[in-house]
């Protein structure tokens, strides 16, 4: 009999084939199935209604690209054992397993001081025990401690399968055709030199295109004003709910798990003992709670919730210069007056901050181009490079989100 | 100044342009925004992970096709006034506004005896009041009482914009390329003759293709075994929760609105007075409740909920013949033994039923082909028709969903 | 060092990878390169301007699908040796190598009495000698004489890779989205049982869809009235040129090769000795000659050539009944009068004939469905089959192409 | 009755609708139909087999985008009369009408000293006479002499419909997905300010993406080494044929038109009197001649022709530095020896030159961004511009094409 495999329809890549029994078991595990209920792009669907795809789907997509990338590298004579292949595939499958509800937006808010990568790692360790140590290599690769560095770079690096998939998938589901990257061509251009992941010379233009697409997606989609406004409101809702709870007022989340984390914000040390509770939470707990709080007696909480649910959002402005303090003070005062709240409370409806993005950040990790003569250059140093000094430094934009007053 | 319009990115059609202020107000209304939180395809994403698009998106898509269809008809000299155009567009925009959580699956379960069309109509009447009677023509078209019958046929009929969009959109998001229809060509082939919507002669093959694609989508996607199994479990969960509540046990839904409808199943008469409560509900209330019930003390309810949430579903078989009663009895007994429940209770884990689908159902409404000589034929009566007698009669398949016992 | 391989961009499948040195040599051979200059769809581009793709491209596409199909079958445990794999891939690569200019249109006209398959075979034998017998298995498979029958069925049969590719490719380049088939899904559903190619049960709907798409492409594209008219004119041009040459008038083709074949129509026996001359001909010789003949002194030849080159084509009608003889006589007389030619000559501008197509022709070869219980049924005999008796019998349409007279 | 219109299937845009009778007559004219026989991308299909689309198809595509762009601008309140709309559409329809066989490759070779734009203009004047002056505005727009400058900019400028279509179409048919631009979004971002075409602020990223895609297409496709090699060989073939003819040797082109131009290279002054002869030529004349010359007695001509037809091309190298003269001398000598020809003749097989391309050339014409506050900035001067000084200066690459010697 031939090996059982599972074929999954994917509008992006056609079909995703999962062949290994261990991979199938991991995908079937409740921790992984939970990712079906965590949206990949949070509130981006308020602008791009198609972008409601899940982290589950993204993880499978990144897995698919990893399979392809490893096959390409093997075709080029790079030695990769079966165990390493499985390890790299599991590492990418699980790279987002530690994401909580609304991913990045609530990451530093719901459980303070712990990144999703840390939780991912803890969950991987947990699964490793359950599956009798079979995730050992995957964990080493994930932690960037495996001796073949390129395998870790495929999981997390400038050209990792995570980015390849999310750019491809997000541009597909948003319908922003300009975010399209030549993922399949890039994969064919990857190679390994001195143990590191590199790009063949003729892939230079594809890489440039990839970096420009990422830049575009960042400013046009991920940091779209409406999306930013909704995310800020979500954070403020969680903050207000906590504040009320701290004051002893009755604020119940729609699920016990979310309720627990709302009321225990300093859970950092004990996160390991609460991992299974953490894995009960997803976008549904949060949104159901917000819907319930639309009628909460606290007018700040209820108003924020009504506005978010009904997509009646704060206005947002982005600019290169910081916003003027006197402007903020005026706005704050007007909001306080209009809502009959204190100026301090008005800050729930007046949020400032800044976003930065670097088109190519060589401090993270460099993109190396391997030339036919075996010389290696950074992508920003090739002849006639598109990626130059200015693109290497971060772009910073200041934003303000505010309630429009009459 | 030029008129304000809104351009929405859609991966399916590229861009959807909404131009009329009234349309923009309707879309911004909380009742319409609620459709963002009702999935178009329910649990289909358990098989096709991309199919997580919303009824909001589908409604906008059908609206877009309606705009195009009306433009095509006008180009052909069919008289359509500006008011009628607006009416038809609003009618299609709101055709699904009355859908509750998980749409068709819970339609006859959550609020017994009322179809979503009835609720749609009531909500349209309500919006009509709010917008000073501006929805009058839309409502007449929706009720099939407008004197230009073809406008109603574009909203609801064999070739309506609802079907055009959902087949196109569902095949896009599932990645089932075989469900693709030539919606743009069909639109160009539409015409009006004797006040009725017809198809030009050269559109015959496109229509045949459309009907075959629908047939394929029905059996391959909408009635996929896994999807069917999950839907049955959802129904059983609602039934069990109600049964427990009726017995006086503590069963709380995650939101007050869902809790109310769970405990007032015979709401039929009073639905009009509870419309705004109804509009508080969406998929999030239901799924959050199910997640909470995973730890309910009733082992039937908790087991069903755990199985559904973790995608550990009942097995499903489909066949042309009804299932044998003795087979069912044996299975029921085994399930009762394994779970230590009564045989009656075992029916929560052993569900039978049948599904029917007709490739072309001329009893609903006929598809008329208009020939160049102005003669009219039914699509099943043209020369060398693909759609023949056998396809006009319904296909019936029996199914069984059951817990696999050891 | 890793094996040298060639990666070819294909808008249809993304990338086509050619890995074997022998395959690379065959593709580089002038006989295969010639296919670049033979259009896949002849004059279809007069209606669908995008359909200018070549037989070269189609052959590579069918090769690509063959690679995928063989991989799928191997995954299912079907034994296929490396030599057989290479044989099947070369057989499909070369299946169209014997096509002359304008393929099917001129097939029975330019070289009478020899099918393109016969010439394909002779060219394969010739290449086999050149490549020291390495094409032996390919030839056996092509001739349907190899003991593993399914390999021949993949090259030529109801579900061969030729049809899979041309339907996919032709619908892509024409932009007729309705011709799209689920080729990738069909490939995954293929299996081998009792040595024959079969389709797994769950592939039934995909196969039905495939047959309906083929039906649509046949009547809507391949037999489009305009395309048919242009093809008939091409045939008439060749006939007239020959007739003039036979009468001793000066008619020169633009190339020596075409000139030879024009003046030696009964070449059947000697084709083997003229193969290399045959391989000098392609669409360019024919079209360049036609362009030159636009100013020929014979008014029939020059008029036909002017009309075809400038897309000023004969009118075409298609109908189920044969055309009435008296109608034809009237038309013939009018044409003769208008052009001042004899009624016999008027037949150059008045052409009748018929086309037939069968949606599923079980006389050719049957499509077998393999059920889970190992039973086998014909696609027209499964439960609720779409493909029924009526679709199994041929559809015949009569056509008339004629010069419109004042 | 409604106006007759023509709907053309296009795989790129779906459908192209041509509505105006004059447009339909122009398209039906033999001069325009000739564009069907001129390939858009010349020999690019030797690398990208799908890129066999014609200038006819491109012209229709650019026409389609022009219709859309004009509609968008009108929606924004820009005044455009019906006559101007028709003028702009005809101007773009005819912008390539003056291209000869193999377009740019032979442009400066076949008819020396006259650009295709000059011939386009002469043909437009000719058509203007035929159509009783109805092309007056089109010609003014084409000549950049119409008072509404933005109409000319839509025909020829940094963001003209020509570039929009060819980038979109060429990336589609080559399958180079990285060349995809957001043409539909760019069109929606266009506006007119002070009579000039500008881009709205939120279109900045789309424009950057467009420029980067063009850069990529240029180096990866249009200047692909293999394509460059084939083009150089084509030029050398024409030069050799002319040289032989000048020496009095027998060299016949396959058609009288090409033969005339081959033997009258200094036709510049008389081109106007030879326009209809010019319009007899297309790719077919050239390629048929080359095929015939494969057996010419001159060994240089025949070898070049055999190599090109059989895709056995000169090797090509590209580099930033000029090639070393001594290296060239050595190569020249070897080639002369191997082919037993003079060193001067060896230059037919040893070609050097350079190609330049500027990602954004503000000397041509600037891309202006219109900000909400009505200020205007050049695309290279906006905050955090991707397009910087370095990209504004031209990239120059030297190439060498040479026969590989043993």
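Observations
Note that the chains take the letters A, B, C and D in the order they are written out, and that residue 1 is the start of every chain.
Keep this in mind: a contact is a pair of C-beta atoms (placed from the backbone, for glycine too) under 8 Å apart; a residue touches a chain by one contact, two chains touch by 3 or more.
If you're wondering where the values come from, they're calculated on a predicted model, not measured in any experiment.
Matching A-D against the pairs in B-C, A-B or A-C identifies B-C as its interface repeat (over half of contact pairs the same by residue number). Remark: among chain pairs C-D and B-D, C-D carries the greater number of C-beta contacts. One simple way to say how far apart two chains are is to compare their mean CA positions; for chain B and chain C this gives 43 Å. Chain D has its Cα centroid 32 Å from the Cα centroid of chain C.
Between the Cα centres of chain B and chain D there is a gap of 50 Å. Across the assembly, chain A contributes 14-15, 176, 184-185 as residues in contact with two or more other chains. For chain A in complex with chain D, the touching residues are 176-178, 180-182, 184-185, 205-206, 208-209, 212-213, 215-216, 219-220, 320, 359, 383-386, 388, 390-391, 395.
Residues 8-12, 14-15, 28, 30, 33, 36-37, 45-50, 52-54, 56-57, 60, 172-176, 254-256, 280, 282, 284-285, 287-288, 291-292, 295, 309-312 of chain B are the ones touching chain A in the complex. Residues 1-3, 5, 7, 14-15, 75-77, 184-185, 188 of chain A touch chain C in their complex.
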